[in-house]
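See the structures that follow.
In the two complexes that follow, chain A is the common piece, with chain B as its partner first and chain C second.
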Partner chain A sequence: MSVSTTGPDPVGLSGPLHGVAVLDERGRPRGPGGPGAPGGPGRSQRRAARRGRREGPAGRRVLSRLTPYLFVSAAVGLLLLLTYLPAANMLWYSITDWNGLGPVENVVGLDNYVEVFTNPRILSVFGVSLYYFVGAFLQMALALYFATLLSFSTRFSNFFRGVIFFPYLINGVAIGFVFLYLFQPGGTLDTVLGWFGMTDPPQWLGDADIANYSLAGTSVWRYTGLNFVLFLGAIQSIPNDLYEAAELDGASRWQQFTNIIFPGIRRIIGLSFILAVSGSLSVFEIPFIMTGGANGTATFVIQTLQTAFSYRQVGLASAMAVVLLAIVLVVTWIQRKLFPDEKVDLT
Partner chain B sequence: MASRKAIVGLAAVAAATLLLTSCTASGSGDSGDSGEVAGDITFLTNRTDLQTDGTWDEYIAEFQKEYPDVDVKVEAITNYEDDVKTRLSTPNGYGDVLLIPNSVKPSQYPDFFEALGDADDLADTYRFLAPKTVDGVQYGIALGGNANGVLYNTEVFADAGVAEVPITEDDFLAALEAVKATGAVPLYTNYKDGWPLGGQWTNIVGAVTGDPDAQTAMAHDEEPWTEGTDIYALDSLLFDAVHEGLTEEDPLTTNWEQSKGDFATGEIGSMVLGSWAISQFQAAAEDAGVSKDVVGFMPFPTNVGGQQYATIAGDYFLGVNRNSGNKAAAKAWIDWLIEESGFTDAQGMISAVKSAPLPENLGTLEERGVELVELSAAPAGEESLFSDTADLSQVDVWGNIYRQKLIDIARGEADGDKESYFAQLNEQWGSAVSELAG
Partner chain C sequence: MTRVAPGVLKYASLIIAAIVVLLPLSVVLFASFKTSGEYSTTGPLSPPANWFNLENFSTAFRQGGMVEGFVNTTIVLVISLVGTILIGTMAAYAIDRFAFRGRKLIMGLFLVATLIPSVTSQVATFQIISGLGLFNTKAALVLLFLGTDIIAIYIFMQFMAGIPVSLDEAAMIDGANRWTIYWRVILPLLKPAIATVVIIKGIAIYNEFYLPFLYLPSEGMISTSLFNFKGPFGAQWEVIAAGTILVILPTLVAFLFLQRWIYKGLTAGAVK
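Here is the complex of A and B:
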């Protein structure tokens, strides 16, 4: 990365942006080569296939016609086997009362879904997601702030970028354990607070009023780096001459932010928003490792896991998983309706 | 052409996998079995420590003196319960001899395990048969058994001025209160690790009333959390202890491995655990440079007219894979392990063989005249009823979730009080009972 001192670079980090912004304006998948490129190889293969039909014997002609499908079949086969088949299985289990072992015994129809929506104990855990949802906004604000700051020429900006992104690279299980020690009574956090004269700190995980804040804080610490890199990449893909023009016109940093940067990265912010919503609905590893879902910190996914493996109601748990999937889809759809993905035009 | 073959191969693998996943566990057993005590068998165990220190190899060498034609391969699995549960879906994937995972329900035993004989016939020789008996047929024999009760640090209790082992709940709470005054944690819950809140407590059901049918009774009781039952006595004591501040300060940061050392050094007064834990805590005491006599074991502090009871139950049960090709050899290995290996003596466990004496560490129970209660078999057709009721009601008596909630309420971190929570438990349990037991 050689962009540190020369200010925004339109090329520097556009790589990750392509990887992330996988949808173009009309919602079609966009490959690295742009919308036109993927058709290329296909066409040339078809041409090759036509040539083959003219020249080779019948068997070879059939084979060369099949070639593209055979290439695709490995990938599609694995996708079907490892993603769609288990998902279809889950849908099937969700209408049974299967206990996770042995043959499926009874098909119970929609009973499991009725249970999910009528049992207050199941739905009430979504309240816990609110902590993470609010945390996600804090996380986006922090990430946006630092991304903007570090996209301008700043001393040691590469170092700070590394520091902010680093937590995302650490294994989530390790983070869970590190923070477990941090939050222990008499642990690191209490010691540090003690230096500043806070002698009677609360139980960060033991106090039910605080536990969810502690966990959401851990989650913010971990994921800010990811948002930060997304935002930074998007900001750096904004053409440099816009900033130059703005500076010539005497625009302040804040005006540059509101008029160039923010509209320029709207789409990435929208994407982060979807990720934040679905992420906060399906929080799992941090609370699972740190509290195991005890003390009022169980999230929907932890509860699904408990239903499947502690209560051995795999059928009901499958229905809960399907409901979670549906909720995430609906939230995403609402978000797309409320904030449509308009074409961004900075000129 | 090679690519075509590869793809055909891949498709075949995919198809085979589909077939396999669709007929898991329903696969028929009785593969070709010679009936001779010969051949190779695989033994699955959770005791990785005995694999590392060579104990299993010694046992195998001894075993082969008697049966030279049998070769035993031991597979010690750290995450035994989960790993083996997954492997049960492959007919030959779970060895020849294994410890029956607790997550398999009794009604499913015939699908996975070979019948070992008629329960009535075996009852003359063996204890602990009841949990693995289905329709009068025996599917597993305990490798060893435990008594359930309370581990306590004898020195801490003595320092606190508790001279007599408490035999009522009030005396026990008073003793804990005295221990608290010395600065130790009176009763450690192991809340964070969770499992010590599950079976370690529920296994005591039966000891409070001295009723060997207590579990079955609870599976039919629509309001078991009512004064006078076993489960009420257990959960009520836990609630009161937590409520009075007689447990650790921050339950969310408890640590099982660390608690063994803390117990040995006198920072912890007591824990509710089975007698299986005694040897581990004695080892921890020796590591800490303390006499192993600090580890004391008492029955749950209740009595019926002065008579105290302690439940005893089998630990893991040995079973034979019904798809095994060497069933005779597998059975020979089980018989030898249980009757001749000396495993239970070495581990301080109760032998499954009735004529064998009690282990040394339980001697004090006999001295004090504590009567040992072994739960009787559930009536035919109700083998799974107790755990089914727990599953359906989502009151996980074998797990930790509901007792963690109980502790949260008791220490004021969750809404409710003892009455309201017990009423809620009764309601959940009751509706499952009326659905299942009718």
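Here is the complex of A and C:
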């Protein structure tokens, strides 16, 4: 809004939309009077010219210069208020020992950052991300496999496509409950495994050695559909005659995959890879809903939020958030260096 | 023989995938129709004796605060969607149709913002929301849903780039000002993009868990109402199952009717 002070402000601001109408209204009463008074036309022309010089072009120019700012102001305002201001505050909190209440008391410099990298309680959660990171690869492989299968003509392909994709749409809390129920001791999973002779199943969520696998598996179940639809869309945008030509040349399905499909969707795979990295660092919903971070399943984000809202160490939590943000930015930067031809303006 | 094998493998793997997806959901559906006695005596995979036992659903609705959840979610959803559409299309209009100082900077700001994981920055966002006095109000959620929506702006921009500028020029020659052009020319032509945004944003808001959990503790939204089942119904899985099914049902209906749009919308907004 600072821009508005540069021009003849109130006129400039209100003028944009109604300027034309106002001129007409003012001009019209003079019009009929014109013929009666001698020399009318000349006078009204002169007046119009004067008026034009006074406010028309100048006002309109200011106005037209302001227009784009007016259109973009709400979005930018919200962006600054809810994204950049918190980010800046976070940087500031991260060098203090603020508890989230009252005024900031002590500036502690880099102590919080030192703690992030030395406190075993915090450091261990990075390890938890690895489960999800591996899970994300499994998820991409599955998605790629099924996307390739369904890109060839298949019976009931709509049904299968819908079934594989649908979990992605389901509410996270609902998914959490579905899998809590599935993993219950003596529950569905144990029963099914019993059919195959596995009579002594582990505690899927109660055993700290297993819990992270179970949660990462749930995450794969939830998100495979998204990768699948993205891959399928990319595969289907490959021109059909490429396959036909390949088939004429006697290429096998596998050869078609390695020579046509894979190169054709490399870009979206690269993008999914980045999402996998940042996604596995910022896993939150599934473990929070299902175990609340117990049994060694706390992820980095759970730990950060607990530090901030349960332990009231906003300073330390901010430092953790800044570290996560830095990692995501670095990974994204690396990706853009590696795939410079990638179309990134959408990311 | 060698020609049959790949086909068998293909359908076998598809069927296994379908089972892996549908089995966990089906057993929850089974449980939701069981009486509590039946639940404790039958295995999870045995279907309910009475498919019309709706007792658990009514318990979930009445005691679980699901009605409140649905009402609140609908209110927040509608206001946020209307706001997102207006704010997003206006921003996209400015960025796509005007050359102005700071345009590059603004685009850069939007671009970088997509990289910030919003869950983490809640540490600091919380202070701003409570500083505005909005903690524990639905307005906080609306504001956050409006403010975190950068993907919508990208979808609008992408779509607007495909609307010929000659339409704007024609309208301008007819004496339309910029606002009229936006409102009468651009906005109606953006309908497909608006539909896309409504769908992906609508699903995201419906499913959002953490924001209502953090900012609206005293009222239930659909996710938090369900999440709160954990306490009072902790031992009553048949009620939890009914609540879960109630939450999934609208998503399923939306999916069945809007499939084509959802796939399209995701590919457009996917690259988030």
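Following the convention adopted for this analysis, the second predicted complex is superposed on the first by the 273 of 347 C-alpha atoms of A that agree within 3 Å, B and C clash if a C-alpha of one lies under 4 Å from a C-alpha of the other, contacts with A are read in each partner's own complex, and residues count from 1 in each chain.
Rule of thumb we're sticking to: a residue touches a chain if its C-beta (ideal position, glycine included) is under 8 Å from a C-beta of that chain, and two chains touch if they have at least 3 such contacts.
What you are looking at is a predicted structure, and each value in this text was computed from that prediction instead of being measured.
Between chain B and chain C, it is C that contacts the larger number of residues in chain A. When the two complexes are overlaid on their common chain A, residue A:L85 makes contact with chain B and with chain C alike.
By the touch criterion defined above, A:T332 reaches chain C but does not reach chain B. Applying the stated contact rule after C-alpha superposition, one finds that A:L271 touches chain C and leaves chain B untouched. In the superposition on chain A, A:Y311 makes contact with chain B only, not with chain C. When the two complexes are overlaid on their common chain A, residue A:I238 makes contact with neither chain B nor chain C. Contact with chain B, but none with chain C, is seen for A:A294 once the two complexes are overlaid on the shared chain. Applying the stated contact rule after C-alpha superposition, one finds that A:V76 touches chain C and leaves chain B untouched. Across the two superposed structures, the residue set of chain A contacted by chain B and also by chain C is 74, 80-81, 85, 89, 100, 184. Chain B makes touch with chain A in their complex at residues 3-4, 7, 10-11, 14, 17-18, 21, 25-26, 85, 88, 103-105, 108, 111, 191-192, 194, 249-253, 390-392, 394, 396, 399-401, 404-405, 408, 413-414. Only residues 6, 10-11, 13-14, 17-18, 20-25, 27-28, 31, 43-45, 86-88, 90-91, 93-95, 97-98, 100, 102-103, 106, 109-111, 113-128, 143-144, 146-148, 150, 153-154, 158, 175, 177-179, 182, 203, 206-207, 209-210, 214, 222-224, 226-227, 229, 237, 240-241, 243-244, 247-248, 251-252, 254-255, 259, 262-263, 266-267, 270-272 of chain C touch chain A when the two sit together in their complex.
By the touch criterion stated above, chain A contacts chain C in their complex at residues 16-17, 19-20, 64-65, 67-69, 71-72, 74-76, 78-87, 89-90, 93, 100, 142, 145-146, 149-150, 154-155, 159-160, 162-167, 169-174, 177-179, 181-182, 184, 187-188, 191-192, 221, 226, 229-230, 233, 253, 271, 278, 281-282, 284-285, 288-289, 301, 304-305, 308-309, 314, 317-318, 320-321, 324-325, 328-329, 332, 345-347.
Interface of chain A with chain B (complex): residues 63, 70, 73-74, 77, 80-81, 85, 89, 99-103, 121, 180, 183-185, 203, 205-209, 211, 291-296, 306-307, 310-313.
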